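Working notes, structure below.
Labels for the chains are A, B, C and D, by order of writing; each one numbers its residues from 1.
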Amino acid sequence: MRILFYFLPKLAVAAITMLGVSALVFLSLRMIPGGYADVLLGPFVTPEAREAIAVRYGLDQPLLIQYLNWLGALFQGDLGVSMVTRAPVLDEFLRRAPVTLELALLALIVALAGGLPLGILAGIAPPDHRGGLLARLVGALGASVPDFVLGSLLIFVFSVWSLWLRVGGYVGPIEDPVGNLRVMLLPALTLSLFGIALVLRTTRDAVLRVMTEGHITTALARGERPIDIVRLHVLRNAAIPVVTVVTTYFGFLLGGAVVVEVLFSIPGIGFFIFSGLENRDYAIVQAGVLIAAAVFITINMLADLAYALIDPRVGSGRH
Amino acid sequence: MFSILWRLDRLSRFGLGLLIFLILLGLVGPHLPLGDPMRIGAGPRLTPPSWQFPFGTDELGRSFLPRVVDGIRATFLLSAVAVIITAVIGTLLGMVSGFFGGFADQLVARGADILFAFPAILAGLLIAAVMGPGQISAIAVISVATLPLFIRVVRAVTLGLASRGFIVAAQVAGASPWRVMMVHILPNIIGAVIVQLTYALSIGMIIESALSFLGLGVQPPYASLGSLLRQGSAYLTFAPWLVLSSGAVLSAAIMSVNLTGDAVRDALEPLKGRSLT
Amino acid sequence: MSHIVTCENLVVTYRASNGPVRALDGVDLTISEGETLAIVGESGSGKSTLGMAMGRLLPAEAEREDGRMDVAGQPVFDIAANDLRELRRDLLGFVFQNPMVALDPTMRIGRQMQRAMGRRAGSEEIHALLERAELDDPARVAKSFPHQLSGGMAQRVVIAMASARTPRLLIADEPTASLDASIRDKVMGTLCRLRAESGASLVILSHDVHMIARHADRVAVMYGGRIVEQGPTGRVLDAPVHPYTRALLKAAAGHEKPGDWLTPIPGTPPLLSARCAACSFEPRCTVSEENCHTTRPEPREVEGREVLCLLAGTQTEPKEAAR
Amino acid sequence: MTAPLTPVVDLDRIVVTYGGGPFRRDGFQAVKGISLQIAPGETVGLVGESGSGKTTLGRVCLGLQPPSAGEMRFCGEAFGALRQRRGQLSVVLQHPEWALNPRLKCGRSVEEPLVVLGTPAEERRARVAAMLENVGLGASFAERFPGQLSGGQRQRVAIARALITEPRFIVFDEAVSALDVSVQAQVLNLVRELQDQHGFGALFISHDLAATRYISHRIAVMYQGEFVEVAEAARFYGEPEHPYSRKLMAAIG
């Protein structure tokens, strides 16, 4: 009951957000200079051809009707067709989704494996401990080196000394699992550095905050061992901010890590959207942004659900 | 406030010092005897670093060091302009949202949700499609990405303040909402805004350079650190100093901003921690 | 009678950004087995620091500068972490001011009780202990999270947890200050009854003179990081000899008659940064003399209690300053 | 002083309901039909435990919380908007550390109600100095920041701010609860003296019956949104009628 009463409004908010996103995305495409027809037919169009296009795409109708029509099509899974290949955009995206998903999961795993333990250790280390400084340094460094800088560096290193890992020449995980890993590991590592820093900093801050709470004093007062205090009382209480940044980070990864996919020639969603822009195939850009935002909103909704499971007070009306 | 900063530890001081150094370098760079960033054929093409060309030369024989110094200015300036405009708008919206509550709050909060749902670089692609690549697009992208951060932080802090005694007392005295916000709320949230400003600046610099790296930000012949990296990445294997120098300077610039942000935050709300024995 | 707590010249300072704060300025105190001692003082008097020091539960920025604190014969500031943990687990029980803060918000009460009672405690034992703390529906309470309980119920849980392993010393820091007035007395009653059943000593830290008057055998009044007057409750509260104790009793609302005026103590309590070389109450004292300003008072026996005042017992009737 | 005085605050069957609406559980009645008159120069104490609705009732009296039902009259007229009541009422709240804007000098905090009224700067300065003297602080406190003051001093500055416009009505919401006993008495006495001087009506909200009966003429005991007993303060030095009031008495001892 508690979770239901808490979650229903969140669902409504997510729906409103999605509607707002869709309206912005719709408007953006209508605002492209030269209009839709120019984009479709190039600069040398006859007025008749322009008229024909306008009627065919319903561009002669009021903007609101156009939007509603477009929205209606969306609900039937019609995200339009590529202006270049004429293939349905949705199919193109679904074909590339697994590549991006794999990359995102790999990066997330590395970020959690690196950031969580370091963050917890930095949080429970005594105030003047050297580990705290190290954690801050790693955190600052990871949040400061942009992915394309790190990616370029890795490409340089691994193309000069061809170690086991490879740059470019993507192969799918089903045809060649090992080869796939050799291709994906470098971009995943590139993406994960920021994640490590993000998780580390957030975890450290959250743990530090919990450590000064009264119930930690209570646990100390009844003679609990440090390991039990961390395990039983610190981790769960520190989890909410960590869940927040991890879901935001994952949403960002799934939305297509454009720069890294382009840099490493990984044929995922981000790469696809970017080449859509380069080819002036705006339907792809539009659909790509819409899908990414939808994924992001969904993941955040799952995070809201996670809050209620982690903290029994969430949604109880008392805080 | 600055006296608090200097009481902080080495890492914070290092970050603040680096930030000041880079900003000064970007400001006075054009007047330093570093060479002309635009002069084609100042030296042989793609020469490695030497005393004459500390960062080597690019494919047109231009000395790379003055180009990097120029890039620092472009990156800082563009991000700072975008972030400061955004901070002003976001602070106002956040205060209105947190103080008035009700419908205004819903409107602002949902707007922030919508902007927050756009991944920054993808929003950049969309905006580049609409407005064409360039500095204005880059500023718009940075604003879209950082506006929700300001709104959310300012709204939360304002909500916390709204029930404080001095706010209630001012309301009871008949002070107008504008007066309450400007005299009582703003001075008390400015610290949080500054912290957020530094983080937004670092995000803005990352976005700006990423867009420029993709060819969507600063356009040639002007250079930002991101576009220099883009330029250099074509010659990565045989002229790595182009990528390494501009990448290192870019990372150092962002790190100086991040460390400064940490320092300001630690000064405003220190996290103490405790030992478990 | 043996002593559960022996505290000698204890000095504790806190490191703060604007210089050290000396919270305890040389405390001498002994607590006997089975007695109930109330430590009274205003905020900043050092009473909480003293209470927490008994379990060495001070925050990281606090430092013991001088003196010693022996609890059950063990010097708490000088024993190994393991021994300290065993001491806290087996011999001490703490009750804190705000039960909502003292309980882990994400863990069910039953589980937290079990942590306090030891691994082998089954639900029967947990329920029995909750019942002894006068919680009516122990099964429901054990299944609840802290935020689902009222403040009074939560404090009873904390009291039950503190007495779970039949400690020899219970330390209660403002145990009823965060509770509604209508239940304070009952919760205090529960605490005292559980103490009596186990025969432990009880230390109550409080600013509420009237509450402790009913429950404590002995009272220690703290001011400026020292105990300025200690002795049997009746003697100290009915016939105080330290000027601060006297002033405090006159300032507290509760025992005046309708239409009476209270007599406030002028000024504000001190914040020490170093050893106080004089009487710390002297700036606010209405009866002080020349040497109060220059001499640090040492404990003296006056009228059956220990007092830290150069003048106590020498002036028969204190000169009262007009309001 | 002729005939019965017009009450400064006249509450007539006030009801306040919170919540309700889609996705929410049923509304919660914080105040259930309360009527109360406060005369000029009178202090009414309002005691009750947390969640009893006493703070909500205080907000109603200040015009910060519109009642869901019932009527509130101020000096015999409908309350209207807070802006029309400028200078006529004020408030002193709990938590001395948040009573004053930490970024403003105390003088500016105290003068703010006069600024809102449009009083000329010259006159403001003189009245601030006089009022700071009046609350026992001295005019030099105008130049200090709240961070440099103790809790009791801050509460005095807050009282100076509340009194600067000579209001007809002041709400004290847990105004002394966070203060130490010795300082509490200073502030309680100050309020009593100032009321004798200025003659404002007051609502003294507190969970502490001992302080409330010391300062009040009448006391209303609130329990779950209703008054269970309203009586002369002297009554609470003896044996109050309602069992709940007696429970509260037990805490004083």
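One rule holds for everything that comes next: contacts are C-beta pairs under 8 Å (C-beta built on N, C-alpha and C of every residue); 3 or more make two chains touch, one makes a residue touch a chain.
It should be emphasised that the depicted structure is a prediction, and the values quoted were computed from it without experimental measurement.
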Hop count on the shortest chain-contact route linking chain A and chain C comes to 1
If you tally C-beta contacts across B-C and across B-D, the winner is B-D
The distance between the C-alpha centres of chain B and chain C, rounded to whole Å, is 51
Between the Cα centroids of chain B and chain D the separation in whole angstrom comes to 47
Per the C-alpha centroid definition, the whole-Å distance linking chain C and chain D comes out as 32
Touching at least 2 other chains, the residues of chain A are 126-127, 212, 220
So chain B residues touching two or more other chains come to 272-275, 277
Listed in rising order, chain C residues that touch chain A in their complex are 55, 57, 59-60, 85-90, 92-94, 96, 98, 101-107, 115-116, 145, 147-148, 158, 161-162, 164
Note: in the complex, chain C contacts chain B through residues 17, 59-61, 81, 84-85
The chain A residues in contact with chain B across the complex are 13, 16-18, 20-21, 24-25, 28-29, 31-33, 123-127, 133, 136-137, 140-141, 143-149, 152-153, 155-156, 159-160, 205, 208-209, 211-212, 216, 220, 226, 229-230, 251-252, 255-256, 258-259, 262-263, 270, 273-274, 277, 282, 285-286, 288-289, 292-293, 296-297, 300
As the complex stands, chain B meets chain D at residues 164-166, 168-176, 179, 183-184, 187-188
The chain A residues in contact with chain C across the complex are 126-127, 212-215, 217-225, 228, 232-233, 236-237, 310-313, 316, 318
